[in-house]
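Which chain is which? They are A, B, C and D, in the order written, and residues in each are numbered from 1.
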Amino acid sequence: MTSAISLRGLTKRYGEKVVLDDVDLAVGHGAVCALLGPNGAGKTTAVRVLTTLTRPDGGRVEVAGVDVVRHPRAARRRIGLIGQQPAVDDVLAARENLVLFARLHHLDRRAAGARADELLEQVGLPGTGAQPVAEFSGGMRRRLDIAAGLVLAPLVLVLDEPTTGLDPAGRRDVWDAVRALVAGGTTVLLTTQYLEEAEQLADDVCVLDGGRVVARGTPRELTAAIGGDRLELVVTDPSRAAEAALLAERVAAAGAPEGADAGGERVVVPVSRRAGVVGAVVRALDEAGIAVDDVVLRPTTLDEAYLRITGRDRARTEVPA
Amino acid sequence: MTATTLQEPGPVERARWAATDALTVAGRDVAHWRRRPGAVLVGALFPVLLLLMFAYLLGGGMVVPGGGDYRDFLVPGMFVLAMVFGVEATMTAVVTDTARGITDRFRSLPMAPSAVVAGRCLADMASSVLGLTVLVAAALAVGWRPAGPGSALAAVGLLLLLRLAFLWIGIYLGLLVRDPSGVMAVQILVWPFAFLSNVFVAASALPGWLATLAEWNPVAGTVTAVRELLGSPTGDGGGWATEHATLLAVAWPVVLTVVFAALSVRRFQRLSA
Amino acid sequence: MTAVLPVTPAPRPAPPSAARIAVRRVGLELRLFFRERQQVVFSFAYPVIMLVIFAAVLGGDERPGDVPFTHYFLAGIAATGIMLTSFQAIGTSIATERENGQLERLQLLGTPPVAYFAGKAGQVLVTTAAQLALLLPLARYAYDVPMPADLQHWLTFGWVAVLGALAGTVLGVAVSALRGSAASVTTGISAVAIVLQFFSGVFFGFTELPSWMQQTAALLPLKWLTQGMRSAFLPEQAAAFEVAGSWEHGRTALVLAAWVIIGAVICARTFRWRRAT
Amino acid sequence: MTTTQAAPRPGTTAAQTEPAVRMRGLLKRYGGRAVVDGLDLEVARGEVFALLGPNGAGKTTTIEILEGVRKRDGGEVRVLGVDPAVGGRAWRARLGVVSQGEGAAQELSVREILDHFAGYHATPRPTAELIAAVGLEEKAGTRVSRLSGGQRRRLAVALGVQGRPELVFLDEPTTGMDPVARRQFWELIRGLRADGATVLLTTHYLDEAAELADRVGVVAEGRLVDVAPPGELGAELRRAATVRWTEDGAVREVRTESPAAVLRDLLAGPGDVPGLTVTRPTLEDVYLSLVAAASTARTAAEGDPR
């Protein structure tokens, strides 16, 4: 069984600069893989190679078993792309844009029109179909661009920072659309700077840094590798947060608490074992008379894992005075 | 797995899709004209303005070698010049699409790759036919009269063939420059190019090596051939290039098209580097 | 973290003067100009190419007053060159800078528009000088075109060139306010420039033009710029073949200055930092 | 945190103690449609205020009016004590703006741009310091045209704070930045705040608002629908907590305003309670319900069936 997306030894240089350095990646059919990494890590270049927009300097890249270098046309028939910059026609109206792209996906006139209306609804732009895109705000343009990438369910959908600049509701619309496609059998590769997005959508995460793969696995594996679980509690009275942290630390016993957050009432404590720890901490706090608003035992977030993996969790430089 | 077995289309279906896609892409330009009629109008009226200007400017003073009215001599030259101006329209469209990411969007779609270019061809040729119609009407209005309709049709054919060549030059330059100041340079450099041909002045009226240059100018064959077909004075006193004007009118555009199409394809692939 | 510094800051020093920003802008504009190789080559090569071509095509002709064509044409091509580096280049660059948001940044910084325009004007004067410094020796040594006869003619050449470049600059700023994408504004500007050249006697003897063209052109700056250039390059007796029978220096200065003022007023009224919405 | 307002010192005038931003009934229409529809807002000096709201809710328009680059159709506005419609250079020099584009010549390098724009300020921050603060050290000599989207945002931020502004407007400053850059940016904002600057930012990242802001305002349909410290936004929406645990293999759930009592009952027994969590709605949950309520109210008022 081949993978839906397969990169082997992918290498790309611009002049002297190596942008992608021997990258391997495989994504199974119907899976969602998130490509993470700092600005300039090579994510967009990888996306461009995969979607036949850029030729690699070395390695093999296959989409649904088709070599994208040797058979770019066949590859394109299997790929949908939503790029980082909105690529829609400014002069045309929103609906005209979608009909155009639907026609280029070989829908007939009637089906193209119907699909355009559906898509406008789906990305939260109903009633704006007749408006020229030139009048759209940045967020609206972004939504339209995403709609244009969703005309037909492709075998493989590639999304380059799809929700950048979208509001939380727009983000949820896009996530729903992606989940619906995945349920229909589409394989998805997405890049994102928004790690919650990766946690929400991805089965697999691949972290690029300096053109190399520095970590790969399920979100769960990555966070587990960084170190166990966190007990997070919010105390009702912020002035007793420090006391609560000490108590929780004594009970949970896996290192120093990671301190209070900006609000002052949230306490995060690493825990070594999951079983019974919530109960034990709550009981201890209750005995000390500290009221608790929230208690959650959660795995390390991808945010925390990511910062650790890219080795920049201490990248706090001095502040300009 | 549901839809993973994609059938590769056969050659007939492919050709059909290539044609449909090209029409769809061209339809986009037509929609632009509807939304921005001003640009179309200016594009069509500029050659008319030039025709009027030159007809009155040079009309009195110029003597056409071998006899004939200068205005009749000038009109076919202006037809050719209007085709040459097309290079800038094509270039602007290509530059804009590349800058806005539309070119990349098309490149990532499963449409026939030829359709992007074929659509551009259709749209630009259509707008040139429109522009030519307006210009002919203007020429008729200032008193120019063509010869028989059959040969006029042949003349139009040669003009459009030349437009095709400049279309490819436009695509290549559009991929090359990527910004408005490049378009401006090309727009201005068209003039020395035109003055070094037989558009305004008969080649035979030019001194020595210039005459040779003007005779062999890529548009010269078309200018002479169109003049002959339309029954206008050619002003040319013979020489191989003049005698074989029709051959040159076909050969030059074909050569230019082949060369610039190849260059464009290479440039296009360079985009993927 | 606590705010240790006073919430009310000490009085601020005044922002740098418009003049100081203008000086900076000139430096920046020049650096940007010379960084765009395409533009540099084109701006400097265009007048040279035109001179070479027209000298070759029409070199044998004579213009009114038995003036050899190249002599007459050098004045015209110098004027066209000035229009290219001022009117066309400025109109195009402002439309582009507005489109990609550079002007928005300047607005937010509170840049005095005068400083911005001064930057453009400074760049125009330097590039125009460089362009002419390339064109004139070529004309002198390759085509034997006489240079201005004495200091007085050089002075004439100087003030006509500077006034023409200024008029071109402000009019370039003015037309950049036209609606439409940068590419379409560019196309419009060069179409206007081409027509202007034919109307203004750059390529043909001005007196040979039909009278309606002459009258139209007399209202426009390029005609006067070209005529002023002729007065610097051509011998005194050629003045007899001008429309008025003299060089009309007074009127030339007046019309060009009027265009500088008209252009400045249009700029003040229509200049926008942002694209129209 | 420093929520206590410094008492007016002797000699300070009314203009110095009034809020950094004050607007009443701000109104802006485009083609008859009110984009900003009677917005009231006050931002205290030294405060970090986050404006949240859906795309197209009028946030950018509001900020542009405050910056004095867009005209308003109605309402009263004061920014640093001055009406932005008539603010002069001296006023503008006290503002810093990070808008949605970087607006710099593509052919210049990061350092060249910062050096150039330093000349527009009376007391600019040193270029090297700015470059370090936004983490562009490795790209200082790189031309803008070769920067990635996130790197361009960093440059825009550097330009926005170059003139040591008293009041900084940030319109979606971290869009496209990677998580590391975002945290670095947060540090920068905290530094500005420590210096006494006022910050008004818009963002779509609610964790960012929670992290940085003293208060957040939610704008929907051109109006302010709620304003509060991030922890208290939508107080009544947050009051109910959800206690979840697993019992006999099934997830049980209780919604309650006093989770402590529920917990005490649950933990009264000797054994452990597996899968026990107590949660309250997140800022994002609160935000989404506020926005949805506003749009429902609007459509109901207009009788629009959609």
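As a working rule, contacts are C-beta pairs under 8 Å (C-beta built on N, C-alpha and C of every residue); 3 or more make two chains touch, one makes a residue touch a chain.
Chain labels with UniProt names: A, D = ABC-2 type transport system ATP-binding protein; B, C = Transport permease protein.
Note that the structure is a prediction, hence the values are computed from the model and not measured.
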item	value
Smallest number of contact steps required from subunit A to reach subunit C	2
Longest centre-to-centre distance from subunit B, chain (CA-based)	D
Centre-of-Cα separation between subunit B and subunit A, whole angstrom	48
Distance between chain centroids, defined by C-alpha means - subunit B, subunit C (Å)	31
Subunit A-subunit D separation of Cα centroids, rounded to whole Å	23
Multi-partner residues of subunit D (each touching 2 or more other chains)	1, 190, 194-195
Set of subunit C residues in contact with two or more other chains	36, 277
Pairwise touch network: line, ring, star, complete, or other	ring
All chain pairs that touch each other	A-B, A-D, B-C, C-D
Residues of subunit D touching subunit A in the complex	1, 53-56, 60, 100, 125, 129-130, 132-133, 135, 148-151, 154, 161, 172, 175-184, 187-188, 190-191, 194-195, 204-206, 210-212, 230-231, 241, 259-260, 263-264, 267, 272-274, 276-280, 284, 287-288, 291, 306
Sites on subunit C touched by subunit D in the complex	1-9, 12-16, 20-21, 24, 28, 31-32, 35-36, 97, 100-112, 273-274, 277
Subunit C-touching residues of subunit D, taken from the complex the two chains share	1-2, 5-6, 9, 12, 16-17, 30, 45-46, 67, 69, 88-90, 92-95, 97, 99, 101-108, 112, 116-117, 119-123, 159, 163, 166, 190, 193-196
Interface residues, subunit A side, partner subunit B - complex	29-30, 51-55, 64, 73-74, 76-79, 81, 83, 85-92, 96, 100-101, 103-106, 132, 148, 153, 155, 184-185
Residue ranges of subunit B touching subunit C (in the complex, touch as defined)	39, 42, 46, 49, 53-54, 56-58, 61, 88, 92, 95-96, 177, 179-185, 187-189, 191-192, 195-196, 201, 206-207, 210
